[in-house]
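Here it is, the structure in full.
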Amino acid sequence: MKMRELIKKPATGILLAILIGFVAGAVVLAVAGFNPLEAYGALFRGVFSKPKYIAQVIIKSTPIILTGISFVVAFKSGLFNIGGEGQYIMGALTAVIVGGKLELPPGLHFVVVIIMAMIMSGLLGAFVGVLKTRFGVHEVISCVMLNWIMLYLSNFLITTEWLKKPGTEASIEANTSAWSVVLNSWKTSDAGMEQLANSNSPMAEVLLKTDFNYGILVAVLIAVGVYFLYKNTTKGYELRAVGINQHASQLAGISVNKNVILSMAISAAIAGLAGALTITGVMPHRVTQLATHEGYGFAGISVALIGGCSPIGSIFSGLFYSMLTYGSASIQSEVGAASEIMDIVIGVIIYMIAISSLFIMLANRKKTAGCAAGKRKAEKHG
Amino acid sequence: QEPAQESSAAQSTENESTAQENGEGESEAGSKPAAGKTLNVALVADLGGINDQSFNQSAWEGMQKLEADLGYQVKYLESAQESDFGSNLDKLTDEEPDMIWGVGFLMADAMLNAAKTNPDQKYGIVDSSYEETPENLTSVLFKAQESSFLVGYIAGRMTETDHVGLVGPIKNPIIDQFEYGFRAGVAYAAKELDKDIAVDVQYAESFSDNAKAKAIATVMYNDGADILFAMTGGASIGVIEAAKEMDQYVIGVDRDQNYLAPENVLTSAIKNVDQVIYKITREIADGTFAGGTATSYGLAEDAVGIAPTSDQLVPADILAATDKVKEELISGTITAPLDEDSFNEFMAGLA
Amino acid sequence: MQGITKYFGDFCALKEVELAVRAGTIHSILGENGAGKTTLMNILYGFYTCDSGKIFVHGSEQEISTPKDAINLGIGMVHQHFMLVEPYTVLQNIILGDETTKIPGIIDYKKARRKIEGLAQAYHFNIDLDAKIQDITVGMQQRVEIMKALYRGAEILILDEPTSVLTPQEIDELIDIMHSMVKNGKTIVIITHKLAEIMKSSDECTVIRKGKNVASVKIEDTSENELAELMVGRKVHFTVEKENRKTGEVIFSVDRLTVEDDRGITKVNDISFGIRAGEIFGIAGVDGNGQQELFEAIASLRKAKTGSIHMKGVNITNTSPREMFENGICVIPEDRQKSGLVLEFTVAENMVLEKIGRAPFSRHGLLDLKKIRKNATDLIREYDVRPEHCEDTRAGALSGGNQQKAIIARAISNDPDLLIAVQPTRGLDVGAIEFVHKAIVGQRNQGKAILLISLELEEVLKLSDRIAVLYNGKFADILDAKDADENRIGLLMAGGKNDENA
Amino acid sequence: MDNIGIIISITLMYATPLILAALGGIISELSGITNIGIEGMMVIGAFAGAAVGYFSGNPWIGLLCAAGAGGLLALMHAIACVKFNANQIISGVALNLIGLGLSLFLSRIFFDGATQTLPVPSKLPKISLGGGISLDSTVIIALCLVVFVWFYLYRMRGGLRLRAIGEHPAAADTLGINVYLFRYLAVIVSGLLAGMGGAAMSLAVVSSFTPIVISGHGYIALAAVIFGRWNPVGSSLACILFGFAQALVVILGGGEIAIPSQILAMLPYILTIAVLMLLKGKTAAPRASGVPYIKGSR
């Protein structure tokens, strides 16, 4: 009885899905002739054997936690924001421009960069919202198109004299004053370098070998902020209401159009923030010519879905996703199994989440069996 | 050829698992032909991935050859995003291999950073150089303009319509080497034949859009070009496809691509990243490591050139003439241009 | 049907219910909301399967596990909520699932059309086969549903609450159709809450309450009052006590309003009226005469083409629902699930839908969750919304009647100066109707103005102080309740002239 | 003008994989199941087509297997959406990942560790119509399918039923139509078509599978479904418009006009948005699309 209640909880469904995902991955690995235990061992070691690896996982989770939350925000208002890629690029591009062209004191510069990036990508999202509300253009279409438009726009801008770093195919870099790297000026100073080089503490290694940055704090703040927005504010209430029932919201005086636009804008701003935090947080602090999308937006969708479409859940699923992708490199280099195995694992996890009603069905089976017995009894009586 | 490679792949997994058990791979050096000691080598591929049909793949093939010939331990990591370069280099550095290669100019900064923070680790980078190269880093450049010059020359000699073309991916300094080298080669042939040869150049803005590359090629052929230089990265397949369908000649890039269309791939401007990686890595075992330097490899070193299969479709006299041009390039009588400025200079000199 | 028992999860919807219908008669089923009428019929139609029980058709036991089985046995059903595909034409809807084909797989519309036209003639149906469902009136849709059954050769026709959406004229027509069908040898089972209709149409009536048989009576031997008592289990008051009050100032006025529908057709044509405080202004009319557009224009859901709407002197024409609310207007919408509630929200959240931005429910954009919950607790108690303590229940999980109660509670708690009620008792049983009517009259007695738009003539007559009859986008007349009776209004609704006024 | 022939050829070359996938999307959506997994089905179709085409030497067998592979992936979607009432978007996202991952993984197994296949010995044949127009056989197949799907949806019994299911499944159910079976079939057919769309890329446009041979085509096809208002003809026209814009880019890019090629590359995408803004349409989405049908629920 207790067990059944437990299985019916959404979190249990997600955990079971993860378990099944790994089992499926193991089967595929085994079929391909690899030892699954060894592979997962490599994954585990690749992630947990050193503090700096954990740091890397955290660093890499930052943008996808945010693109995940971005997806959640739109989803809550009944919108499908598949434009995370383009919005991410907008944020990154803005960050490079504001970070590279302006001279401001450290700290302040960082804040200005991320705010500007959020504004710019927010505007991009608002544009999608306006297209939807005013012109009836479905957000999926406009987002898919804008992803490509942003890619080419970025590629174009960074080849202009204005933004190009001479002799490279990349943009200028954001100034160090805009960086969010932890203890950046100290660790790059001579004294700092020396102290770090001679220290054996794990923290020193993290500082020295990774771009450990404050981005994750921003991501967590955003997650909490979005959670608070939906749970405790009028605006969040309206955004949700509009997402579930436009007619009732409209009649109750909640403007559907305004909230759709706002929701898209917030969603896009958060995806843009992801881009800005990558620029300010990690090497090489610039935008490069892209042949194709880097996949932050699509990863965000997976993160959001694994996280149960909740902002707080996205923190954990973002870390989890980042762990899998970062760790999959170890599977590849140690066991030789292609890293695509992780696509399959993640795909199966999401698939299992989609059909998590299966778990509830299975849990209920005993109960319905009892019911059938009751039915037979009733028949006898009748 | 395939079964051989398959067995080598199987071997590689075997080797790696034993390597894990033994901790370090170096202990089993004895079982292999003695060419110095066996080394542990790793590679970080750039965004194109290890199977990009281009220099990442070529680099990895060089390493696979090291494994097959000499029993070296080899492994690679792919990078999905630019921010992966640093963490991939760092992860491999932790394993303290004898050498870590990075492919592509995109990785330049991450590589420099890694070399600076890990002075005891040897690194090599392909396609990028620095003003000041750290002692533990060697930088390898290819004079792709030279091979491009040669294929341009062949195209110029062979065109019957006096019209050739080039389908490019996304412009960047490396791609420029190909474009201007090719243009110069065509111009050189035109001068020799004393005629004008038009060169169409169009960029697909993509390394992957096969359909677009194919469409561009179709239009070029249709406009009268009869030989195209397909240097579109992975999307080159599209150009070769157009050549096949329209029964025209096409020139491959990076690797000998004749196998993709034996009737149509005239020649390929090859860039032997594999051989250079093979060579430099081997030298480490012998105790020579050219750290702190940037070396350009060109025709002289046989690091670039035209495909060995060229004789299948290129007439012997033209091949012979091409060989002469090659000598002149090696001797420095001709200098192949590698960007717009040097190309303009070259053309001025030609006139 | 014998010993029909049906569980939904743990909930027993039907407990050993018996139903015996004589061939060639009209048999009605009566019961409160949720008594199990629809469930019973769905079992007969094979849409649900029963947990135990037997079904006999023409004396032989039958296994009916899918609608197809039922159709093959000559059973047809018109569902409480119409089962029509809106973008399809009438013709397509009728033949769907039983299409005539020429070459295998390819529909032969001509043949189907001939067959349907034949049937329509036989039963004096008047339907436009090429109109799309979304463009025709509810009454028409009903005929399409009946035609669907006839087309399939139904001998036994089940009608689940067929009259709740019809005008008096349409109801009469329907009853005529039913009689002519019986004459043609068909058997009809009809579910309705309207006792008068039962008396007028049926031969027998089976009453069920809470999933159990209560009685089966011959109509000749019973009366409306008896049926009502059987159904509810207590005496029911059919009249609403209205104090005689002096009405106040005109607080709401509509002046020369003209409104077009989506296709640019004028649906409200130059209408003017005013409502005084303490007055119930009823608008009667056959569906499709502009009620929808009039309401939407007043609620700012649709642009008024010309004319103006004032509330307490403020011009609120073409503003927004928000503006309307701010000026003291509240709405009980027609479709509670579509426009009334956010079904995925909790009851507590739904109870503050319009006033979420106001103190005490929120301050500076921050919600006060405690106050929101407290508000719901109070309203749930006051308006007897069930189940008890459903503050945190999803609104979608409430029964239809309770959803309606929640909406009424919310609207009244907003303390509006004008309450607009559109079809406030649609689909409710007499008990629930009594409750809603009391609440509306209570508001009037407190001096509020009320605009009642209803297709139920009886309801309009019973509640209103003044009655306007909407016909073809214009008011055929505005009458004082004292001067109105069913005949007069019925005539006006049908487009007849009002002689006395002329 | 020869150029017109070329523009037509390029337009159709671009449009064909999209048309096939969009037809799949339409059928699935009309039955009430949103299929965002089209991309993954195209990828696996492209892989299966090229791989089987390579090993069997017969591109037609490759095309069939491509359809089969897409159909199998679609079956997973159908099981999730029809049997388990899954959120259709979540399931679709999952299948995109699985489709790509599986293709690459299998490619590595069968092609010696490479994520791309070797070129097929023979491609699907081309058909020359003269006037510089020369079309892949997939183009002809796709155009025939457009006509057939249109005919099926609007003239045949199954189409009437299918569309009814997407609008009002309960209504169809009460008329004895098997909603679940129809949905299963519709989703599987959408996978077959998407798989063929993928193979149209790897067996006709080019002759091998690479990890990037399908990159975003599925999403553009979905956009075309919406653009064309769930009508096979309309959606195909949307795909053709997109292909035309790409052809225009190619033609313009060859001229000596000083438009940066990156800017030119945006054209098809900007054009799509612009056209949609001008059309300013209300959507005609099937009403029950994306909503699981649970019998008897209200």
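The first chain written gets the first letter, and so on, giving A, B, C and D; residue counts start at 1 in each chain.
Assume a residue touches a chain if its C-beta (ideal position, glycine included) is under 8 Å from a C-beta of that chain, and two chains touch if they have at least 3 such contacts.
Going by UniProt, the chains are A, D = ABC transporter permease; C = ABC transporter ATP-binding protein.
In this text, all values refer to a predicted model and were calculated from it rather than measured experimentally.
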Between chain A (ABC transporter permease) and chain D (ABC transporter permease), which partner chains are common? B, C
Steps in the shortest chain-to-chain touch route ending at chain C and beginning at chain B: 2
Two chains sharing the most C-beta contacts: A-D
Dist(centroid_CA(chain C), centroid_CA(chain D (ABC transporter permease))) in Å evaluates to 44
Taking each chain's centre as its mean C-alpha position, how far apart are chain B and chain D (ABC transporter permease) in Å? 35
Approximate Å spacing (C-alpha centroids) for the pair chain A (ABC transporter permease), chain C: 47
Which residues of chain B are in contact with two or more other chains? 205-208
Residues of chain D (ABC transporter permease) that touch two or more other chains: which are they? 115, 212, 215, 262, 265
For this structure, give each pair of chains that are touching. A-B, A-C, A-D, B-D, C-D
In the complex, go through chain A (ABC transporter permease) and note every residue touching chain D (ABC transporter permease). 28, 32, 80, 82, 131, 135-138, 140-142, 144-149, 152-153, 155-156, 159, 292-293, 301-302, 305, 338, 340-344, 346-351, 353-355, 357-358, 361
Quick check: in the complex, which residue numbers of chain C touch chain D (ABC transporter permease)? 42, 45, 47-48, 66-68, 71, 77, 79, 81, 83-88, 92, 95-99, 101, 105-107, 148
Chain B - residues contacting chain D (ABC transporter permease), complex: 2, 5-6, 9, 49, 51, 53, 200, 202-203, 205-212, 214-216, 218-220, 222-223, 234, 237-238, 241, 244-245, 260-261
Along chain D (ABC transporter permease), where are the residues that touch chain C in the complex? 155-158, 160-161, 163-164, 167-168, 170-177, 284, 287, 295-296, 298
Residue ranges of chain A (ABC transporter permease) touching chain B (in the complex, touch as defined): 34, 38, 46, 50, 52-53, 56, 59-60, 152, 155, 159, 167-170, 208-211, 278, 282-284, 288-289, 291-292, 294-296, 325-326, 329-330, 332-336, 339
